[in-house]
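So the structure is just underneath, and the comments pick up after that.
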Amino acid sequence: MSQKGILRPGHVCIRVMDMNQAVKHYTDHLGLIETDRDDQGRVYLKGWDEYDWFSVVLRETQEAGMDFMAFKVRDRVALDSLEKDLKAFGCTVERLPAGELKHCGERVRFDSPAGHYFELYADKDYYGNEVGITNPEAFVDGIKGMGTHRFDHCLLYGDELDGSVKLFRDVLGFDITERVLDGDVMVGAFMACSNKAHDVVIIRHPEPGKLHHVSFLLDSWEEVLRAGDIISKYDLALDIGPTRHGITRGKSIYFFDPSGNRNEIFAGGSTWYPDHPTVTWNAEKLGKAIFYHDRQLNENFLSVVT
Amino acid sequence: MSQKGILRPGHVCIRVMDMNQAVKHYTDHLGLIETDRDDQGRVYLKGWDEYDWFSVVLRETQEAGMDFMAFKVRDRVALDSLEKDLKAFGCTVERLPAGELKHCGERVRFDSPAGHYFELYADKDYYGNEVGITNPEAFVDGIKGMGTHRFDHCLLYGDELDGSVKLFRDVLGFDITERVLDGDVMVGAFMACSNKAHDVVIIRHPEPGKLHHVSFLLDSWEEVLRAGDIISKYDLALDIGPTRHGITRGKSIYFFDPSGNRNEIFAGGSTWYPDHPTVTWNAEKLGKAIFYHDRQLNENFLSVVT
Amino acid sequence: MSQKGILRPGHVCIRVMDMNQAVKHYTDHLGLIETDRDDQGRVYLKGWDEYDWFSVVLRETQEAGMDFMAFKVRDRVALDSLEKDLKAFGCTVERLPAGELKHCGERVRFDSPAGHYFELYADKDYYGNEVGITNPEAFVDGIKGMGTHRFDHCLLYGDELDGSVKLFRDVLGFDITERVLDGDVMVGAFMACSNKAHDVVIIRHPEPGKLHHVSFLLDSWEEVLRAGDIISKYDLALDIGPTRHGITRGKSIYFFDPSGNRNEIFAGGSTWYPDHPTVTWNAEKLGKAIFYHDRQLNENFLSVVT
Amino acid sequence: MSQKGILRPGHVCIRVMDMNQAVKHYTDHLGLIETDRDDQGRVYLKGWDEYDWFSVVLRETQEAGMDFMAFKVRDRVALDSLEKDLKAFGCTVERLPAGELKHCGERVRFDSPAGHYFELYADKDYYGNEVGITNPEAFVDGIKGMGTHRFDHCLLYGDELDGSVKLFRDVLGFDITERVLDGDVMVGAFMACSNKAHDVVIIRHPEPGKLHHVSFLLDSWEEVLRAGDIISKYDLALDIGPTRHGITRGKSIYFFDPSGNRNEIFAGGSTWYPDHPTVTWNAEKLGKAIFYHDRQLNENFLSVVT
């Protein structure tokens, strides 16, 4: 494939306030698999169809939110090159040694105008997915809860949207797949480093560095229903759904982990190619853009972030 | 996005023996949209969610099969560079002028070891999809028949498999996502230039230059059922399905156009990243690899090509 | 089959305030088929999989709501017998002549304690469904909008719930499949004359004779999504959904016709047999009972009736 | 409800040749729940959404097949009355004492012209379904394998079809929902005692008393796919599917238990009311009637019975 630089969202480090509750939530209900813990008490998780050792790291602390989101790059050459570009852009860049997160190689951490920390890395230990790579079964049974396939994307809220968009587009090579305009002002940017509808989204917001949601991939609208049923049966805090998004066309449910971090499960979504036009949404159509069926936003969705 | 060279399968030129029947098949039943015809009588078609002017060209002649399959590349720089590499590899390369296919820029046509003709191009006129790019609806209704979203991939049969794989991998930058081995001999290569499970597949076969099937994308297992129902209601020639593939995990039906060219409709399929391991299937598991439920191949499927 | 008396909800007469808008709504959007009009200007409609001439009658007037809901009985013997029982119960009973509604035989109309008018009839002209009865196709394409299969049930609000329940259970032979209790007081009764989860529902409410919604049957959760998409694309007034009910387990969307009558599209739902226990919901669980995912009722849903 | 006589297929006694293998098949793969065993070594099973103590009985012996299929009737009055009618029809009728099958009341066993044994019973102990009847969850997770909801119907092969049809229709009150005609000769009768598309089916066949398949209910086309995936993953013997039937419109897969008894899992299917016309299939359309997509019968399907 011709993906030369950044491959995909590789992991997200989520702050939780009670590790036991959080692990139960992300394993029993979302269906992630716990793959390791470290000396700091951080817990490593992955979806059943991911090959690398982890895609979610939980860290227990006093305040919910996101410590950082990381992207895997193709190789160390790309890592070095992107590091140089990030410095040239003006980011504060830090190299974290291999092993600082178990099973992960060196990470290049950088700040961003909208106040979020991101990382790049080229190496992570191979764990394997749940069906293997020699004559594999075409599906997996026995996965818990919603049966999350993989970590998909993050949607972030922050103040300097334009700067963060410039960083992702000009330095990291992301495309803007869809955008929301309030008059001439961009208030939301959906960005992809792949053929997906979005790998990271940033929304203009007064406070910097906020997490709106972490999204996980399912396979179908029927799996979305099942996720909704599990949310109700196990009394998880629903935000909204099941519904479809106007933006991306994806099918979705939003709900909260026990610390108040918003989760999404997501299925479908349009296909992106770099020669496609960016889809534009006007702010007055934002209701339909976000919740295609309701066509109106709930206050909760707009204001609750961690 | 970091796709720098080849973006996707851009069009396929299918030979048909009765144009009226063929157009009816590809529009009324598959749901493609006719977008133009040219002086030579060729008919141009596209799926409802494709932006470019066409992705299928039908040419009436005495014998069914595929004239050529084309890939869109990112820009003219990439086109020129790839042309040079193709020549260096030893391909016979021809530049076709802009407009030779209506709405399409210059095309670089080349032969391949397994006997197929492929093309690269950087420019095609923008037609737009059926929902638009400003506050678009999240779905489309009113599309005919199976409602094909887009042209997805071709599966080709040919003799010099190793050479064609080398060409796609080393020159064009494709990855081998899955492969079939008979002992140590590769007998099938599933290759991607994107995050899809496959963009082109080549299977070892005594005769060069054969077409096994042209595949079109649907959105869900329920759309696959509907496609099967339409095949029956309108008495199209079914090959096999609905079923799931072991290879790619996709859901599928095979059937034939009135000239005997095999079509597939396809939904789902695993996600590919360049750091993923190639999945290997042993020839003795080929039944399960191809038809996950039946676990045995039908003679028709193995031998009927155009 | 051993259904001896009442077979099913046979038709509902809905009052609308603008006939043109209403016909457009029920045909283009819900996908009902217009089968006739009469001298009074009433319009007759049916779902594609119903055999009888109509199941919905629209009547234009100043105020929205339901004129009456009718049940088809097995034959005239059953009709006469039930008429006697209704009179014995104390209903005001009226015989309407054959042809008063076109294509319909004599109807026995009666009032009910909660203030609604119902009818029984044994004969209606045969129209046929859209696939026929000799070597029929297994599905239908080309139906408009949501593609409603059939009229399913009504949910009614009224004051004398206990009396209406007694009427349906003791006189008409319905079973109570599910019920809602507020302490010891029944506040809602889901009742079936068939193996369905409900054929008519009555909810305790201060005002008599109110319509909460008329429900139409779809086949699957994916058809429910499509219905939601159509609601949004054509800007119909959504109430809530797509979602699942706790009661009946059905999948559902509520929305409004142009006159403000609430419609539901419904798929799935549990199977009822007369030896099954009645499922009981406590009022404090009513949120989950009605909207399984949200687990809370919206004010609109509780109070808006016609 | 007005079901006065026979309610539904209540249980089937299947002969198996290796009990351990059979129990593993029906529990781990089909997802039935083992509820008891008796002194004779018979094993009792039920689907998760059935209330009565069992719906499947497995008996180990030398030859596969069906010992008997039983229908639950509304009450003992109906049982006595139907017993009288069966004798008058000429059946050999036997009363089996309560407890001969554990948890089951007295059974009226009778032979039939096509050579099968059937039973009627009015009482069976209440076991409860897996979600309960007070504020129940709307779905169940944690069920094994295919997650069979309930025993649905049997399809039987036998010689005196006309006699058996007469027995079911005239004595037991079943309706013929669909039928297959070879010229003027009925070769297959689909019969219902409910609103289902079929509760029992009998096909004309040279040998009497044969079992073609026992069918179990699933909820959706996606659950049918999952069942197909489980068949492949656990290497069960597939007959055909996933596919749709022309008859009943149901979605289906056929496969075999370890003793060679054919199983079906089934979802959907049209709704029956006693005033509906019988659907007629001509024998020359039998392929489409049975396998709507393939439109041809496989020899296996026609000839392998137990």
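Observations, loosely collected:
Labels A, B, C and D are assigned to the chains in the order they are written; within every chain, residues are numbered from 1.
Here is the rule we use: a contact is a pair of C-beta atoms (placed from the backbone, for glycine too) under 8 Å apart; a residue touches a chain by one contact, two chains touch by 3 or more.
As the structure is a prediction and not an experimental result, all values here were calculated from the model.
Counting C-beta pairs in contact across C-D and across B-C shows that the higher total falls to C-D. Residues touching across the subunit A-subunit C interface largely coincide between the two copies, over half of the numbers being common to both. Greatest Cα centroid separation from subunit A: this falls to D.
Each chain gets a centre from the mean of its Cα atoms; for subunit C and subunit D, those two points are 31 Å apart.
Here the spacing of subunit A and subunit C, counted between their Cα centres, is 44 Å. Subunit C has its Cα centroid 48 Å from the Cα centroid of subunit B.
Within subunit B, contacts with two or more other chains are made by residues 137-139, 220-222, 229, 232, 244, 246, 288, 292.
Contact residues on subunit D toward subunit A in their complex (touch as defined above): 137-139, 141, 145, 220, 222, 226, 229-230, 232-233.
The part of subunit C that touches subunit D in the complex is made up of residues 1-8, 49, 51, 72, 74, 126, 133-139, 150, 173-175, 192-196, 219-221, 244-246, 249, 268, 270-282, 285, 288-289, 292.
Chain contact summary for the complex, subunit C toward subunit A: residues 221-222, 225, 228-229, 231-232, 238, 241-244, 246, 251, 253, 288, 292-295.
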